[in-house]
Structure formats: structure tokens, C-alpha cells
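Each of the two complexes below includes subunit A, the first together with subunit B, the second together with subunit C.
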Partner chain A sequence: MMSAAWRSAAHLGLLSCEGCGLLSRAAEGAGETHCPRCDAKLHLRKPNSIQRTWAFVIAAAICYIPANLLPVMTTITPFSKSEDTIMEGVVLLWSPSSWPLSVVVFIASVTIPLAKLLALSYLLTTVQRGSIKSTRERTRLYRIVEFVGRWSMLDVFVDTFVVALVQLQPLMSVEPGPGVVFFAAVVVLTMIAADSFDPRLIWDQDEVNHGQPS
Partner chain B sequence: MDSPTLVACPDCDLLQRVPVLAPGESAHCPRCGNVMRSSRPDSLNRTLALTVAAAVALLVANAVPMLGLTAAGREASTTVLGGVQVMWQEGQPVVSVIMLFAAVIAPALDIASMLMILLAVRRPPAPRWVSTLLRLCQIIRPWRMVEVMLLGILVSLIKIAELATVITGIAMWAVAALIVLLAAMSSSFDPEEVWLRVEWAQGREHHHVPGGAA
Partner chain C sequence: MANLPDTNGFPDIPEAARSSPKRGRLRLSVVWIIPIVAAVIGGWIAVQKYLSQGPTITISFGTAEGLESGTTKIKSNGVDIGTVSTVRLSEDRRSVIVTAKMAPESQGMLVEDTQFYVVRARISGGTVSGLSTLLSGSYIGIDVGKSKQKRRAFIGLAVPPVVTGNVPGRFFLLKADNLGSLDYGTPLFFRRIQVGQVVAYELDQDGRSITVKVFINAPYDQYVTTATRFWQASGIDVSLTANGVSIHTESLVSILIGGIAFETPATSSVPTPAEPNAVFTLFDNWGNAMKLPQGEPHTYVLVFRQSVRGLVPGAPVEISGIHIGEVVSVGMDFDLKTYGVSIPVTVKVYRHLVSEKLTKGGPDALPTDSKAMIDKLVELGFRAQLRTGNYLTGALFIAFDLFPNAPKATIDWSQEPVELPTVPGELQGIEQSLTNIVQKLDKLPLEAIANDLRKSLVALHQTLTDASKLVKRVDADLAPEAKAALAEARRTLEAAERTFSSTNKVILGPNAPVQQELRDALQGVSEAARAIKDLMDYLERNPGALLGGKRSTPPPTPQVSPAKNGGK
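This part shows the complex of A and B:
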């Protein structure tokens, strides 16, 4: 198949519904168009995609710092009180039998959020610079970012269950630390960021260079 | 019938025709590789059966203890809602609400909406609220984190095992079953089957999408 024959829906003034996938013709003038089938608001591209995505990426990056520096869990016994950050939790989990789980927590809690922030920044900058290289790979990267994001919530679930169970006052109790809310915020903000990004922007430049105005 | 086989790829906006698929086949976007549609034989009936099973699993998962512990002659156990409640009492209302949504509300809304959708489309044309519910399902689905929760439970098991003897509850097995059923639901469900049966918001007759373009 020849790439010159490839046309986007936007090129022909057709709007694809994000809800049900139906194609509709854009309304005349500046009025809003609603999908005739499912009534969702139709856009050529997600509105203000780049600005919105940057805003959520920056907010998530800011929360990433306290999420990693502040303790997420405090263990209290009659003799001691220990506060653990996410990284300390990963180290504590490292033992001859449970090291695979330690690796899983490290990947889900530390690596994935950081990788997501870097990946989204990369996608945003390449779109803003009008790059036409590796469009397919960048789309695949976007799909991965969308898919793995939720797994970062792992540590928040771990915290919730450990805190809920270990309430054996005065013997021993566990309390959530201040870091956990920042951590949950990182996950939620990066998920919204990924959702705000419109992968079709990756391909738009390609068509501009194949001689398409609009 | 005006067959809506002319569609735009949601990831790259390429206009294309999705062919009629034989069982086991799936159509990919020739430009970006996105899966456009997969053949789902007997989609609506199979999904309905799986959804009913998932509803039962969800009820069990939330009604009985998830995990427990014994230490120094004392016993404690918790449900998902119990964990959410303790997080709230321990001064983490934001985290508590996120957990409640991801572990209980999102899967419950998803399963309840799917039940209503699948029952309503049995007698086409399905009323317009079916479109609204299906769009609601699509929006909540990324926030439904049952599988992340199960991994979280496993990690907390290991963490608590260092402090006390852990007891696994029946709810854990119900969650495992729920994950399998939710995955089976999404791989047997073809949303297109529903969109073909819903009543249009603006009436079909006003809709003119060029069948012969591109």
C-alpha cells in the first residue's frame, strides 16, 4: 500500500466519535457538533491536548518528589517507631524468598511513574517539533504508557491492606505516611495526562508534509 | 442498511474500511497497527453470561474477609471496605476515596452498567440511555484496578508474614475469579454490536457519511 494514498478522516473534514467510532461530517461554521448516534461531543482532535497533557505531566513530576522522599508507612511498636519511604519498603522486601516481589514493587512504584513522565514528555516534544520520524514506534510507546499506568497504584493498595490489618495496639500498629497521598496523586495525574494526549497528533505532521493544508 | 464500515483509526485517524471478519480474525490499522476490530462470535450472549458470573464474584469479594492475621493470641481480619475505612480514620481521606473507587465502585459500576446494556439490547432498538451507559463504561474502565489490588494483596501478605501469621480469606479467591471473568468479558464483548442496536440521538436519516469516499 502506498503511503501517499493514506488519508486521515480530518483531511476529508470527517470527525470520528471518541465514544462510538461513528464518522460524521463537521458542521458548518463554528458551532459544536454532537455525534448523531451517541450524542458525545465531537472534536477533530482532543481539545488543547498538548497544553493539558503538559500541565498534568508537570503536576505529576512535582508530586513525584515528595512521593519518593516522604515516608509511606510508619510501623509503631512499644520500643520503636520506624518510617519507611517507598524505596525503603522495596529494600525491606528484599529477601532470598521474596525478592521477585521486591522487583515487582520497584518496577511498579519507582520505574513506571518515571518512565511514563519521560515517555509523555518525549511524545509531547516530538509532536511540538513536528517530527515525522518513527511515527509507528511513538504510537506504540503511547499505547504502552496508557496500558501500564494503573499498575503504579500497587503500593497504595499494599499500604491500605497492611495498615488495615496491622492494628494490634499496643503490641504493634502501622500507620500510613504522608508520602502515600502524593504517590496516589502521581498515578492519577499521569493517568489523566496519558488520557489527555491525542496520539493522532503524531500522524498529523506526516500528512502536512504530503501536501495537505487544513 | 448503510453499513458503517468506513471508519477512522482512533490512534492515527486513518480512514479505512473494516472488512467482515471470519471467526478468530482481527482487523488491524495498516498504518499504525492498532486493532480496529476482532471477531467476537455470539458476543452479546457470552458477555451477558460472564457479566452475571462477575457480579456474583464481586459480591463475594466484598462481603467476606480478604485476609487476616494472628499474632500473640490476637486475631484480625479485613475486607476491602474495612481497609478503605481504616485509611480514612488514619487521616488519609484522599487515598481512601481513590481505593474505594478503584477497588469497589468502578468494578461495580462497570458490571452493573454492562448488565443493563446487555439486557436492553436484546430488544432493538435499544433506548438512548444505553449509549450513555456504554460511554460511562469506557470512561471508568481504566480506573477499575481489581488486578492491581490482587497483586497488592499478595505483596501485603509477604510484608505481614514477617510480623505475624497470615490467613488468606475467601475474598482473595473471589477477586482472582473476578479478574479472570472481567478479562473474559472484555475479550468477548464487541461494542459495535451494541452501537448497531441503539436508537440514534439525532435520527439516522439526518446522517450522511460518504460511503464512497477515499
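This part shows the complex of A and C:
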């Protein structure tokens, strides 16, 4: 399928409506363009995609710190009260019998959010620098980030279930810690960031360099 | 969009609608609010976390038993004020250094004299404490000090303090010979109410006594006065007195685990409350505690020249059976000149009691000045004597008494301690008398007496032999004659008997003439008596007849009235 002249819709002055899918030609003049059929706003590219994505990535990165430092769960027994952060939970689970669980928690809660943040930052930086290298791989990376996003809520789910189920007062009770809020924020913000990112930007430069029609 | 590429290539595609621009585009998107908000919240939490971070302290303990890093709490009055973060061995490997993160509100508690101790389940002083630690694990307790000076490195106590600083009350020190059954937390009783505890004890520097530190809770500490006596209330104190067996105990708890009791003896003077940390003597039992008067004792030396077997330190010193002091030590001196052994006995006497007892009343009041008084007493025969207190054990005691016949003695007041004169003890006195008797016996001319006696015995033997001969002669010569004489005598007696029997017949036989005559005579007398009676009757009725003679009236009826008859 390698062709000498890749043309993007933007290049051809065509806009696709995100609402009803109608393809329309860009209109002349200033102002915002609207879909002639459903009146949704039309953009050639997601507006301010890079800036928005950066904002969400930074916000998520900020939240990632307290999410890992603050306790996500408080276990109260009549004689003790222990607060555990995500990493403490991982360490706690790290035993000959339950190490797989520990690995799952570690990957789902620590590695994936971090990997997502790094991946998005990488995509943003490369796009801003107008890189044309490994565009295809970068697109795949983006798809993975977008797919994985929702599964990062695993920890929040576990926490919610445990808190709801383990209410054996006065013997034992579990309360959510402040960390879980930040953890959820990380997950949500990275999802929004991934959504804000316009993968077409990866290819735009490629087209500038390669696909200039002769 | 000025540089739009060729858009007319797709004529069949509708053109997008266009609306007028509202305003100029902001260069910065509103979306940046989100990271700012996140940063603000994160920063706020970080600041709060930092602010809530209390000081970090280190405590060194002998053992880390029950202490776990990250789990063990530091509690004050049951409230968590910190958590142990690390537990590690000290560099010299002799102790354990516990690092703990404290809550910020504990700032004021970490002062110079604050003490830390590990609370484990323990049984002491009849109480079980720290039971909750069996399930929850040990925790570190804190006894907050009063100092203002801050401190971050502490040395933990091996044993939890029985009384923590915030309990009102006072500490007192008790000097005891031995610890007995006391321990940390041993209860203190006042009128059998538990009012305090033993908080510490230690051997004194010189190793001769033990100082027991006790704490008496607030409302009760006012009953500790300068005259208060403390005694070991452990076990049962059985004493046999003239009144019978008396048993003195404190509560059942103290019988089992020991205890200390105190009481202020009733005195005339109003006792002043004791100062905190005042030192008292801890007596062995109630009797001892109440026996000795309080006050400074005076030390005297009594020199005895006899065996003091049975006299031990602590033996009582008495005047007329009243305890006034006790023996402190028994020594020994050897006099090279006379080769005699003398035993100096040091005693302590509560002299003010002596003077009080001796100066009260009396016909010739003694001088109140103690030296002059003792001089006067000694002049009167005041001496110390060893006496047997218990004939079973041979225990001796020292009695002061007046011995008017004692040899004269004076007191040398320049000596220290002063020596008081003594007289030999009772047994020694008896011994002396026996010796005198033996000496006298020795002086008797026993040999001469024995010779005399032997001579006498020989003479006696001769006499007896002569007597024997005499008897034999009497046997041979006198017996036949005596027999003849006896036969003669019997014959005489028989004749006499015969004579008597014939006489009997004459006098006492039924028809004996003597009897007949006697009967007639008696009859005559009887008749005379009747005539006199008649006369008397007549005279009773007619007393005038004595003067006028008998009238010619019919004679009275001879029969007597029935009344008279009945009277007879």
C-alpha cells in the first residue's frame, strides 16, 4: 500500500463531522465551521490537541505522586490501625503464595499509569518536534495507550469492593484512604489526555515531507 | 485557513457552514486549569503531610521483644502519639535503638525527663496489666516529664513505672534491712485500704540496706507524718502474749503477695506532715514498728565479764520490762594484764523516753539534766544486767535496774560512747554463790572430821558388841525366872477373876439383896415425890393456904385436867 502520494482529508480541505460523519469541504473565511447537516463544530484536527494533552498529562503526573505516597486503604481492627499505600500493598502481597497477585497489582497500579504518562509525553514531544521517524509504531503505541486506559481502574475497583464488603465492625473495617482519590484522578486524567491527543498529528509531518503532491 | 489547499477538487462535497468568530482565540487553553488544580491539591496535601510530621526520636531499649518497625505504636494514656519506624541494633550490639515518628502534638512531651517503656502483658504487684497487648502486641508507653528542655534521644526503662507522673500523690523512701517479699507494684496499705505502691527499690551504696521508694496516692499522702511508722505487712504475724495468741495481718492480698502498711502511733504531740521523699525506717512487723520510739537514740557501751551466749544484736534493752532500746553490737576485748575477757556490748537507748519515764513523779525527783540524772541514778545503783529472756532458746536481753547493793561506780563522760556500769547477771550471781559455798566447803577440815568419824565408828562398834553380850546374858539368866513369875501371875489373875464373878452374883443377880433394898428405897422416894406434887398443885390453886392453912373444902379432884395430861 505504500504510495507516493498520501493525501489526508485536511490536505484536501475536507472535514469530517465527528457527530454524524458527514464529509464537507472547508469553508472560506474566518470563524468556526459547522457541519451543514448536524451543526456540530468541525475541525480539521482536534483543537489545541497538543496543549490540552500536555495539560492533562501534567495534571495526571502531579496526581500520580500523592496516589503512590498516600494510603489507599485503612484497615482498622480493635487493636491496631494500619494504613497501606499501593506499594506497601504490593510488598505485603509479595510472598511465595501470592506473588502473582502482587505482580498484577504492581503492573496495573504502578507500571501502567506511569507507562501511559511516559508514552503520551513521548508522543507529544515527537509530534511537537515534527519527527517523522517510526510513525507507524507511534500510532500503535497510541492505540495501546487508549485501549489500556480503562483497565487501570482495577485498583480503584478493588479498593471500592473491599471497603464495601469488609465492614465487620467492631472486629474489622476497611476505609478508603486519600490515595485512592488521586489514583482515580490519574486514571481519568490519562484517559482524557489520550482522548485529547489527535493521532493524525503524528502523520501530518510525514505528509509534509513525503506526500506533497507533485 | 488562508492557505487551504485546493478545495474545489470535490465539487460534490457540501461546504461546511461558517459562523462568525466570537472573539479572538486565547493562546492558552482553559484546560491548563486542570493541572493547576491538581498541583494545588497535591501541594496542599504535601504541605499538610509535612506539617503533620512530628519529630523523630530515638529510644534505646535492652531488648526489642515485641517491637516491630512500622507497627508498634507509642501511646500516651492510650492515644497513639507515634509509630516505631525502625528497630536496629546499637553499634556496640548491647542495646536496641528504636526510631519513632512522633505526632506533631507530642512536641511538648519530648522533654528531658520524659521516660519511655515497653508495655507488655505482665503480672506484678497482684495486678495484671497490659492484657490488651496480648492480642495487639506490645506498645511503647510514655511518662511525660516536667522539664522544659527538649530532648530527642531517650533511654527506655526496662520496667514500666508503676506510677506515672500525672497521678497526684507523693513519694517516700523507706530504709529496710532486706527486701522481703516486696516487688514493683507491691501495695501499700493504710488502715487496710490500698493507698499506694512500691515504685522502685535499690540496694544502698554500702550494700547494707535497701531503699524502697513508695508512692502514696493523693488523698492518703497527708496521713504520712514525721511520726509515721512503716512495716512489712507480708504474711501473718503470730505472736504469743500473756493475753493469748494474737494474729496480726493486713488484707488477704498482702498475705499472698506481700505489702507495706503504715500507721501513725497516737502521741501527745501533733505530728507534722512528712515532706515528699522523706526517709522512714521499714520495720519487719507491726510490733517492731510500734515498739521503738521515734527519735535519735543514744549509744552506750556496757562491758560484761561473763558469757553473753544468747545475746544478739537487736536484743531488747529494757527497764522494768519496758522496751527502751536494743543491742547494736557485741564485741570482745582481751585484757593482757589480767588475761580476762571482757565483752563490750553497744546498745542504743532512746534516752528521752527513759528520762520521761523516770522523772515523772516520784518522791525525790531526779534532775532533768540527762548527765546529772544518770550520775544520780548510777549512784543509787542503776546498773545493766544480762537476763534470760527465753529459757528455751537461751536468748538474753539487757535490763537496767536499781541494785542498791552494787559496788560503787562512776561514769566517765569523756568516753565516747559512754560506758555504763553493769552487774553480773542472775545466773552469774547464782554461780558466784555456789562458788562461795564450794570455797567454804574447801576450807572445812574434812580429813580431821573423817578421822574423828572413824574413831567414833570404832567406839560405836564396841558399844554395840557389848550391848549384844548383855542381851545374850539377859536371855540366859533372866528368862526362866521370868517364866515362873509369869505363871504365878496368871494364877493370881485367875483367883481374882473368880472373886469378881461371885461379887457379881451378890450385887447384880435378880434376887440379890442389894437390889431388893435399892428397889424399896426408890419406891419410897417416888411416893415422897408424889406427895410434894400434890402439895404444889394445891398451893397453885389456893396460894392463901400458905398463910391461912388448909381450909375444909372438899379436896380437889384427884384427876388432872386433860390439858395438863396432854402436856405431859
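Operating definition for what follows: the second predicted complex is superposed on the first by the 194 of 214 C-alpha atoms of A that agree within 3 Å, B and C clash if a C-alpha of one lies under 4 Å from a C-alpha of the other, contacts with A are read in each partner's own complex, and residues count from 1 in each chain.
Convention: a contact is a pair of C-beta atoms (placed from the backbone, for glycine too) under 8 Å apart; a residue touches a chain by one contact, two chains touch by 3 or more.
Since this is a predicted model, take the numbers as computed values, not measurements.
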Touched partner set for A:96, first subunit B, second subunit C, both or neither: neither
Touching partner for A:36 - first (subunit B), second (subunit C), both, neither: both
Subunit B versus subunit C as contact partner of A:170, first or second or both or neither: neither
Touched partner set for A:27, first subunit B, second subunit C, both or neither: second
When both partners are placed on the shared chain, which of subunit B and subunit C touches more of subunit A: B
Set of subunit A residues, in rising order, touched by both subunit B and subunit C: 11-12, 14, 22-25, 34-37, 39, 185
List of subunit A residues in touch with subunit B within their complex: 1, 3, 6-12, 14, 16, 18-25, 34-40, 92-93, 98, 101, 104-105, 108, 135-136, 139-140, 142-143, 146, 149-151, 153-168, 171-172, 175-176, 180-181, 184-185, 188, 191, 195, 199-200, 202-204
Footprint of subunit A on subunit B - complex, ascending: 4, 6-8, 10-15, 30-34, 66-69, 71-72, 74, 76-78, 82-87, 90-92, 94-96, 98-99, 102-103, 128, 131-132, 134-135, 138, 142-143, 145, 148-149, 151-156, 158-160, 163-164, 191-192, 195, 198, 200-204, 206-210, 213-214
Residues on subunit C engaged by subunit A in the complex (per definition of touch): 1, 4-7, 9-10, 13-21, 28-29, 31-32, 34-35, 37-39, 42, 45-46, 49, 71, 73, 80, 132, 135-137
Complex contact set, residues of subunit A against subunit C: 11-15, 22-37, 39, 42, 48, 51-52, 55-56, 58-60, 62-63, 65-66, 69-70, 78-82, 178, 182, 185, 189, 196
